[in-house]
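Below you'll find the structures, each written out as structure tokens.
Each of the next two complexes has chain A plus one other chain: chain B in the first, chain C in the second.
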Partner chain A sequence: MLTALIRVLGTVFSLCLLSVLIFVLAHAAPGDPLQSFFGNAADSLDAAQRLQALDALGLNRPLYQQYFSWLQQIFQGNWGMSLIYRMPVQHLLPLYLLNTLILGGIAFLLIAVLALILALICARFEGRLTDRLICSLGSASYFLPSFWLGVILILIFAVNLRLLPPGGAYDPGQSASLLNRSIHLLLPLAVLVLSHVWYYGALLRSRLLEELRADYILTAKACGLSSVQILISQALRTMLPFMLQLCAIALPHILGGTFVVEAVFNYPGAGLLIVQSAKGHDYNLLLALVLLSGFVMICSALLAHILSAYFDFRLRARPEASWLH
Partner chain B sequence: MDAQQIKYGSVDPILIIHKLFLDFEHNAGNIEALRGVSLTLRRGEILALIGESGCGKSVLLKAIPGLNSKRARLKGGRVLFYPRSQSNGIELSALTSKQLRLVRGSLIGTVFQDSAASLNPAVATGRQLEAQIMRQAGLSQAQARSRLVELLSSLDLKDPQRISALPPQLLSGGERQRCCLALALAGSIELLLADEITTALDPTVQLTLLRLLLKLKERFSLSVLLITHNLGVAAAVADRIGIMYAGRIVEIGTAAEICENPQHPYTRTLFAALPERAKRGEELPTITGSAPVLINPPSGDLFARRDPCPLRIDFIKAPPFFALSPTHMVATWRLHPAVCGQNYPVLEELS
Partner chain C sequence: MAALKLDKNELSLLRPCSEEELRQLNAEIHTHSVLKHLSVRQQAGLSQKLALFLLGLIILLCVAAPLICTHDPTKFYLSHLNESPGQEFWLGTDSLGRDLFSLLCYGGRSSLLIGTIGALCSCALGLIIGIGSALFPRYVGVFLQRLIEICQSVPSLLWMLTIAAFIPRRDELTLALIIGCCSWFSLARLARAETLQLQGASFMEAAASFNSSVFLKIRLHLWPRLVSVLNFAPAAAFNQALLAEAVLSFLGLGLPLEQLSWGCVLSLSGRALQHNAWWVIVFPGIILLVTMLTMTLLCASWRIEHKRRCSNL
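For the complex of A and B:
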């Protein structure tokens, strides 16, 4: 109970620290927030008008005052105005977050399943051609920079072959069409999967091989288990806590990947927003997005911890004593 | 030569190993781990194999149910297994890996040295045993549970409930090794291969485990191939003892014959090196040198290089087995008529 409380407090503290850091950094960065609010009209403002505009937006108060008023607003459920989009952040975000969730979620599932399948195939045929082929192709795809890969795929499939759309999440007016969305997802997903899958595949493979060299595997063999049974019911069973932790770590990693991919494919998600808001000094939007991403990261780390503590006998203080009764 | 044709007199064998050669593939050349091992395990006996690390004891034991690593290559010889439940013998060395897998756990049980690592650390001990009982006996989970409680109490484990619920790393060494035995006994095995099962335990636990082994042997009508470093363990429980050196059995006989009348120079130095035989104030005798590397080993008796007084022929030609008695066989040139004056019959030539 106490540890849980400490964890929650730690999470809140980390988020506060993160918000201060981003707040200071964003304000310290060179650039003009009025540019994003007024567009090119900002250049024709004279000094008095500028001052007036900054006053109206509350941007010329001391930084700590701005921070605390922002914090106060947050607790009232008000995330502030987006300077670029000229609408409340809390109204703007859900749509973009949903798009990111779709892209990231599908990518996450694909990566997890593919990485596990590839690792199992490699472990089953260790050292043979299949294993070596998967390892070298996997490494090659992992080391391709994802923004470069994205551009190349756009060039091939959208520009030259004209098979797939070059970007976006859906064609205008088609946001509810599943087919239209799927077509738009293909290229971003391909980039995400190709650039992430072997990172996890290789980790799982090496851990699996390590596990397969353990003595208890020999015992399992001596008990007459087949190699597939040994892979699944012994090695994978022991690796379960590791895999869950890996999943939790993968969450922010793949989220970071979607941000890059969204920028390349002009996919209207949180990643695209974060890039825009950082460039345009859209403090409120930037802070909201950074805090949300930070929250996801901290939560996934927490999740990893809880999951492995629950599933791993070795971490459990008092092992269950009830299954036989 | 057919499996049935190999008859060893009136002996009722459960396992016959005939001139087994096994190599491990290695970058520096093949390691000749087993170089023509022959032995017969009689039904219902405990045969102890003794030898220093690297002499091939464990490789031999694992070769029987095909548990050696992928780099192991059987170069020759046969392993014949005669379980009571089958009228004909099974030639283990000729089985496919799938057929061999069906023998493992059901007819042949194997227990290894390090019980701490031999059980899956992520699963409750009871679950592991239960799964094996269900697999081998085809029982439902409820039946397997009651069978498990029965099995654990036959292994002198008090409080089977507690032991079942704990993961192996929370059990004591003795409890763990008993659970490993239970895992082996989950099937209706007839042959138990025990690879240094007492080595990792402290002496008092060793003793109780050895007594238990004798009890289990009777209760489950087992034949046991026991590997050990410990001459005391072998003398205490084994009916017969085999001494291995550099991938060969160099001397084999009843426990009394080996302990009281060792003939091979290696066996003799082993006994001479026992601390309990040393005199106070004198330096403890040891065997000089180390076990030979078995990549392209030289011909002859490989122990000659560490033998304090070797014969010249030891460096040239491997000795045959001389039979001192119907049960006692020794591979050393010292029993050749030209050396000892006695005319012992030659039983088996080694290349």
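For the complex of A and C:
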């Protein structure tokens, strides 16, 4: 209980440090600070109005006071103006985040299922041709730079075969059509899955192979279970905590991996926003996205820790309890 | 090896010996372990030789570009826009009429340079911060540990994009430093874990009992062990930096277009898609991929495989 509390406190401390870092970056951003509040209207202010505006916003108070008021603004959902979209960041984000969540969520599920299936097949045929084939193909797909793979897929399927659309999330006017959306999702999903699946597949495979060396597998085999039965009913069960932990780590990793893919496919998600805001020097939007992604990552690391502590039956099981039943 | 270390350290604990003697003793032990290590390394297979050959070829092409290339990479051949690979232009031309082969040869110079400087920077930062967070006394160590955690909480590429947006001046050195400063996190974490593990070893206790300085501990006890465990890190960092340069330039936040690098050539692929010019997309990607694969193969030969027992399945 105490270690869990220390862990949670550490997470809170990390979040505070992250926010300080983002605040310092926001403060160091080149350009007129008033512009990030008022947009281009800041240019038409005269000197007295500027001073008044700086006073009203508290921009000439000491730095630590500014930090706390900035933090308060963040908590109240006031994230400043986006320069390139000319609207408040908090109104802009939800739509784009939803698109990223759709792409990243489906990719996450596909990667988790595929990685597990591949790892099971590899473990069943360890050292044989199937295993070696999957391993080498998997490493090859893992090594392909994802942006290059995306462009190659566009070249093949959109430009030459004309089967799939080259980019975007939906055709104009068809944002509600599920079919249209899923057709647009196919290529980005393929890139995401191909470039991530073997990272997790290889981790699961090596862990599974370690697990197959344990004595209880030999016992199960002596009891007459077939290889597939042992894999599914015995080995997989002991992998559960590791898999859950892996999922919690993989979620931000895959969400983070979406932004190059989104930029390649011009998919209107958080990744595209990041690239565009970095190119257009839109610091409010950029730092809001950095803060958000850091927040998600730190929280999911905590979640991974809690999950693995909660689900690792071997850590919790007490020998005398098992004798009572 | 572990048994030998223990015995000698225990022996040295029995009688008081000077720091000089201890240093000699340790040096002897580590030379032995490094030699043993070298003999493992020298069994290079066919794939390693092939990888070394290919990597050497690519480096040679980049270094000797003025001797090999038949065209000027900055010259626009306006009558040969988007020409497919052929007799005059070996790998074709891009949408501005530049020779792709020369572009790749000259572009490789800055790409490889950025890869090397970025890798050096990220390895140095990762090792210093990783070892420091494990060795320094309480508060500095905890702070460094938190720093690693926070930096890792945001993807490296996002840090790079953010810092690249803040720095207006773009040349090779700046970009390499940006990449290096944003990619040391995982190495720092590994170095920290390894150092923490070593701190429990008896030879570290022996060194502490002789009141040896931090630098002596690092040089004699930590460094040889870290080198043997983390020797794949420089190659991995090089790959990461090379890829980061390509991605940043591709996204339009790396080197400016008039500078030549593999990433800049790849950033032309958007225009190449309109003309269906596959060679502009395929060849830079392949050369990037081959460089990364050969580096990985070479660094994989340095790692010692631990043998598994046979399966019970």
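As a convention for this text, the second predicted complex is superposed on the first by the 247 of 325 C-alpha atoms of A that agree within 3 Å, B and C clash if a C-alpha of one lies under 4 Å from a C-alpha of the other, contacts with A are read in each partner's own complex, and residues count from 1 in each chain.
The working rule: a contact is a pair of C-beta atoms (placed from the backbone, for glycine too) under 8 Å apart; a residue touches a chain by one contact, two chains touch by 3 or more.
These figures come from a predicted structure and were not determined experimentally.
Q: Output check: A:Ser19 vs chain B and chain C. Expected answer is one of first, second, both, neither. What do you get?
A: Once the two structures are laid over each other on A, A:Ser19 reaches no partner at all.
Q: With both complexes superposed on chain A, which partner does A:Ala214 reach: first (chain B), second (chain C), both or neither?
A: both
Q: Hey, is it chain B or chain C that touches more of chain A?
A: C
Q: Applying the document's definition of touch, where does A:Phe259 land relative to chain B and chain C: first, second, both, or neither?
A: Touch status of A:Phe259: second partner only.
Q: Is A:Arg237 touching the first partner chain B, the second partner chain C, both, or neither of them?
A: Once the two structures are laid over each other on A, A:Arg237 reaches chain B alone.
Q: Considering only touches as defined above, state whether A:Ser226 meets chain B (first), chain C (second), both or neither.
A: After superposition on chain A, A:Ser226 lies in contact with chain B alone.
Q: In the superposed arrangement, which partner chain does A:Asn99 touch: chain B (first), chain C (second), both, or neither?
A: Neither chain B nor chain C is touched by A:Asn99.
Q: Looking at A:Gln245, would you say it contacts chain B, chain C, both, or neither? Reply first, second, both or neither.
A: Neither partner.
Q: Identify the overlap between the chain B-contacting and the chain C-contacting residues of chain A.
A: 214-215, 218, 221.
Q: Residue numbers of chain C touching chain A in their complex, please.
A: Within the complex, chain C contacts chain A at residues 146-147, 149-150, 152-155, 157-159, 161-162, 164-166, 168, 243, 246-247, 250-253, 266, 269, 273, 276, 278, 281-282, 285, 288-289, 292-293, 296, 308-309, 311-313.
Q: Using the touch definition up top, name the residues of chain A that touch chain B in the complex.
A: Residues in contact with chain B: 214-216, 218-226, 233-234, 237-238, 240-241, 312-314, 319-325.
Q: Applying the document's contact rule, which stretches of chain B touch chain A when the two form their complex?
A: Interface residues on the chain B side: 65, 67, 98, 101-106, 109-110, 112, 114, 117-124, 126-127, 131-132, 135-136, 145, 161-162, 164-167, 169-170, 180, 183-184, 186-187.
Q: Considering the complex alone, what residue numbers of chain A touch chain C?
A: Answer in residue numbers: 10, 13-14, 17-18, 21, 25, 28-30, 123-124, 126, 143-145, 147-148, 151-152, 154-155, 159-160, 166, 209-210, 212-215, 217-218, 221, 227, 230-231, 253, 256-257, 259-260, 263, 274-275, 277-279, 281, 283, 286-287, 289-290, 293-294, 297-298, 301.
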